[in-house]
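Next come two complexes built around chain A: one with chain B, the other with chain C.
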Partner chain A sequence: MNKRAMRRGLTTFWWLTVVFLYLPLAVVMLFSFNASNSAARMTGFSLRWYHQLLGNEQIMSAFANTLILAVISSVIALAIGCMIGYGMYRHRHRKLGWLIILIYLPIVLPDIVFGISEMAFFVQFHRLTGFLQPGLTTMIIAHVTFQIPFVALIVYSRFVGLDPTLFEAAKDLYASPVKRVVHFMLPTIKPALISAFFLSFTLSVDDFVISFFTSGPESATLPIYIWGAIKKGISPEINAIATLMIGAVALAAVFSLMFNRRRA
Partner chain B sequence: MTDFTTAVDATGRADSAAPSGEDTGEQSHLQRGASSITLQGLHKRFGRDAVALDGVDLTIEAGEFFTLLGPSGCGKTTLLRILAGLEEADEGQLNIGGKDVIDVPPHHRSVNTVFQSYALFPHLSVRENLAFGLKMRGMPAAQREQKVAEIAQFIKLGDLVDRRIDQLSGGQRQRIALARALVCEPDVLLLDEPLSALDAGLRSQLQVELLRVQKRLGMTFVFVTHDQDEAMVMSDRIAVLNGGKIQQVGAPREVYERPSNAFVARFMGHDNLYRVTARNGNRLTTELGELEVEQDGGGDLVLIRPETLDLKPGHVEGVNHLHGRIAERLYRGSHAEFRLELAGTTLQAVVNNRGKHMPDVGDEVTVLVAPEDLVTLSE
Partner chain C sequence: MSNSHTTAMQSGQTLGRSQAMVREARHLLFTVTPGAAWIILFLVLPSVYLMAVAFMTNGPYGLPQMPLSLESFKQLAGFGFLGWSPGNIYTLLRSLWQTFLATALVVIVAYPIAYYISTCREKWRPLMLLAVVVPSWTNQVIRAFGWMNLLAPGTPLSSFAETLGLISPNMGLYPSNFAVTLGLAYNFLPFMVLPLYAAFEKLDTAQVEAAQDLYATPFKAFWHAVFPQTLPGLLAGVVLVAIPAFGMYVVPELLGGGKGMMLGNLVATQFSGGSNWPLGAAGAILMLIATFIGLFAMRRIGKRLGGGEEVVI
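What follows is the complex of A and B.
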């Protein structure tokens, strides 16, 4: 076959894939600016649905919950995942097969199984101790559990990419264990940490299933609010929320990629 | 305190502008800056049956350029890492500068290492890399800056100090790694094959530079290499290691000219080893024929260094004369290497090119060898 025709065919295929992936998003974004409340016809450009969002207390509280949940869970996951990632690196020569699988399992486990398990656990725990009533705290714990493996993986792969003698050079140059962490390890993996934070953040904002099972009456996040609102039909307001979320997540994903690529 | 204020240029020569009283000053630094090292009965094994060090006893003098030489897996790097504190010995004693340091962790040892991979911190600039050790020791910033400026001048780093690590070439990284270790003014500097990643030209240039730096500072250097030429050029003394044991310790000439066993002889590049079948006083019967030695040190092998041989055309008589035929000639300009066939075996000879007659392949020649150039040794 002609090489040029082949290349042109592949390019076309690439653009078709992009369209396939992003056209639905484009539709939602377009209709969020619709002047009328029709979900079928675009009648004109308007920001009225965005204005309406600001006035809706439920949406604003869901927005705040989403943000609090994402930030706090990401920070906690970062601290724990960072230590696990370093531990995996330090003991990489040992046979850690089943331990590694334990850490990775949450990534592949269906969200719904994970969510139901978390809910069952919290219900029992609350019944026995009186602590951990479903709400933001239980959601934070649940989110941290699925964020940790991602953080650990990113940190681990950053350490693996380093010259192992750097650790020895730090020792040789009079750095005590604490100083090695502060002056060598943390600065060296900083780009990976920032990347891991933004990835955790997007995972948290994205999550509906696990949030749904672990939330309480006061702790609805945006995805949970949308789920509830959608039962009454898709309003253009939802399109506006969706558009804002797409923007936020895309931004966080770009940051995550940017810092993961930057090898200090 | 080591004095870095006198610069050494790229070839290692001191600035010609240096005051003439410099030498006496250097002398006093030598006595204060350098430390001797004693090792006794060092043992180290990895896992159950991989023996890295099998009873090493060694004394390294203060201010010495000492080389650990051997093939890979001989234990030389393990030994260096034990000196640095990066590896723990299973058994044995280690004294540096009169202090027992066997249980002292690396960050409390006044010993610095130049690593084979240089191990420069990628998140720091050259300047920050140079200051790292001083900062970790808690030296105030102003003093650090002054020390870094001194070392940068001493090693002639010029504007390299303001670069990022990924902007440096291999040779530049090597010099930064050296400066980063020297600026800490350690009692002992350890160098783990620091030149092995460089190409030949740069390598010999840095060999000279390293040697001159060591002589100026009078610091104890312990150098690891698998390259016997490098070891001979650089060292005051060499320890040849094999199988976790020291085979021989001595000045380069001793090790090269009087190897104590067949391993050392072969590792130093000697191939002319022949079995001794009988001896009568100083006359040995060997695979090659009768040979007279000046001193028979015992052992069932005799070593004939190729460059001590004299080749004469035809049949000539001498104290030790062997007749053979030239099977191969490698002309190398300054000298030529010959492979001779005689007595059913082969003999290597190296002859300097003095512009006179040079035998060719197929020629019948007489090989003359002086009794004092023969060394007897055991397997």
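What follows is the complex of A and C.
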């Protein structure tokens, strides 16, 4: 086999793989503009499915839930994860093996095991105490749990990338620890914080399995709504919501990457 | 007098040092406690509870009850009221088989792709990797839905398969086990490309040139000079693909239909529809065992690879 033929073969294979990767998304986006409700044939361009979204109360409430869940959980995870990230940095010379295991646990646990553990726990907790009925609150708790590790790791790696003498300088400049946090720590890790926030946001919006098992009857998010709609029988509206979600998540992920790049 | 002065100073110093140590310990406690407590309370505790559930008896409404028993594991192996039935064993075997097929498919696609990216111009490489990763940012329900649209009866792909005689008329490529394999491979392709790319990027080409100088056939050069160098990346990819594929819930549920159930679906059903928590928990334990075997393998590979932690994200 000569080299140029092999090269050409590889290039072709690369583009075929790109098509394979984007075809399912492209189909969803294309059919969201379909004039008819056929899922197999494109009959013309229209925005009717997008108009229908606006009139659908269930979708609007699912949209609101998704947003509330993503924002609140990301903010909580940012606060907690930021502290743990700094703690890991400051005490990196200690033996923190147990902490590392704890932090990696939410990442490595299979989604489904994560989801049903939380569900079983919340259901029983509610039966025993009357608190934490499955709904938005339990979903927020579950989302924060899988967001904390990512925030912690991003913040930690930002601190590791800093010149350690900066901390000494800050100590000389600002006597009070609170001032040090406000005037030195937070401004220096700001890009990492923004990046972590968008990543948490993306993770939250992207999650289906864990949300599905911790949600209550009133707290359906967009992925849960889409799941239900698919199970009931395909409605072309799904294409429109899915297209909007693909756009939103891509945007958030790009923001996350942009701010993560800056530290370099 | 001077003697007592020095002791006072010494004790003052040790006091200062121990104070500093206490302050550091308090600092550690203050920064780490909220997060650690959160994960322990809302993940470790629930998983421990779930494991305990697996050893309880199934009560009314599917909720777990005392006494402790191994009933759920027997049920998982197929022993029920009506004697032994192969349903669950089939589901387990199907999970293993689908995981194997999907992983193999991913390797076949990812290996040349990772190699190709590593040979392209340096400025294009990050963009190409990004192109591979971007689709996985979309919700997996939406991705599976995209495949449903592509593989449903009457679509170009299904018609094409029909003319080739691969499927019977009007059946469509979905729902089927094939659709599940495809969906799994689609989901986890980036997990294989990234570690393989990392391996290819570090490839020592001098070995390949040496092999060529010694008149090795291209295949021999590949097998002795290239493949061993990419093996750690390949194994890491296999773990990253196979473990989540084994526990996958969404893809088999949407693309597989009734006959495509995998372990994840078996577990989930026990907590929503079928309602037999202990049985579901027993299935979850199986998944956990698979995960820990994978992690253990990953650590051994990681040692050989020299720290490949970035691979995780």
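Here is the rule we use: the second predicted complex is superposed on the first by the 244 of 264 C-alpha atoms of A that agree within 3 Å, B and C clash if a C-alpha of one lies under 4 Å from a C-alpha of the other, contacts with A are read in each partner's own complex, and residues count from 1 in each chain.
Operating definition for what follows: a contact is a pair of C-beta atoms (placed from the backbone, for glycine too) under 8 Å apart; a residue touches a chain by one contact, two chains touch by 3 or more.
Bear in mind that the values here come from a model prediction, so they are computed numbers and not experimental data.
A.B. asks: Determine, for the superposed arrangement built on chain A, whether chain B and chain C clash or fit.
C.D. replies: The answer is fit.
A.B. asks: Which holds for A:Ile80: it touches chain B only (first), chain C only (second), both, or neither?
C.D. replies: Once the two structures are laid over each other on A, A:Ile80 reaches chain C alone.
A.B. asks: Given the overlay on chain A, how many degrees, to the nearest 10, lie between chain B and chain C at the CA centre of chain A?
C.D. replies: 90
A.B. asks: In this superposition, which partner touches a larger number of chain A residues, chain B or chain C?
C.D. replies: Touched residues of chain A are more numerous for C.
A.B. asks: Who does A:Pro236 touch here: chain B (first), chain C (second), both, or neither?
C.D. replies: In the superposed model, A:Pro236 contacts neither chain B nor chain C.
A.B. asks: Figure out whether A:Ile103 sits in contact with chain B (first) or chain C (second), or with both, or with neither.
C.D. replies: In the superposition, A:Ile103 contacts chain C only.
A.B. asks: Tell me the contact category for A:Pro134 with respect to chain B and chain C: first, second, both or neither.
C.D. replies: After superposition on chain A, A:Pro134 lies in contact with neither partner.
A.B. asks: Scan A:Val28 for contacts with chain B and chain C and give back first, second, both or neither.
C.D. replies: So A:Val28 only meets chain C here.
A.B. asks: Going by the contact rule set out at the top, does A:Leu173 touch chain B (first), chain C (second), both, or neither?
C.D. replies: A:Leu173 sits against chain B, while chain C stays out of touch.
A.B. asks: Note down the smallest distance between any C-alpha of chain B and any C-alpha of chain C in the overlay, whole angstrom.
C.D. replies: Checking C-alpha atoms only, chain B sits 5 Å from chain C at its nearest point.
A.B. asks: Same chain A residues contacting chain B and chain C, which ones?
C.D. replies: none
A.B. asks: Taking the complex as given, what residues does chain B use to touch chain A?
C.D. replies: Going through chain B, the ones touching chain A are 84-86, 105-108, 111-113, 115-117, 119-124, 132-133, 135-137, 180-181, 184.
A.B. asks: For the complex, give me every residue of chain C touching chain A.
C.D. replies: Touching chain A: residues 24, 27-28, 30-32, 34-36, 38-40, 42-47, 49-50, 53, 109, 112-113, 115-117, 119, 128, 131-132, 134-135, 137-143, 145-150, 152, 154-155, 186, 189, 218, 243-244, 246-247, 249-250, 254, 264, 267-268, 271, 277, 280-281, 284, 287-288, 291, 295, 312-313 of chain C.
A.B. asks: Under the stated contact criterion, what part of chain A meets chain B in this complex?
C.D. replies: Counting only chain A, the residues touching chain B are 162-163, 165-166, 168-176, 179, 183-184, 187-188, 190, 263-264.
A.B. asks: What part of chain A is in contact with chain C in the complex they form?
C.D. replies: 1, 10-11, 13-14, 17-18, 20-25, 27-28, 31, 39-40, 80-81, 83-84, 86-88, 90-91, 94, 99, 102-103, 105-114, 116-121, 124, 141-142, 144-145, 148, 150, 152-153, 202, 205-209, 213, 223, 226-227, 230, 234, 238-239, 242, 245-246, 249-250, 253
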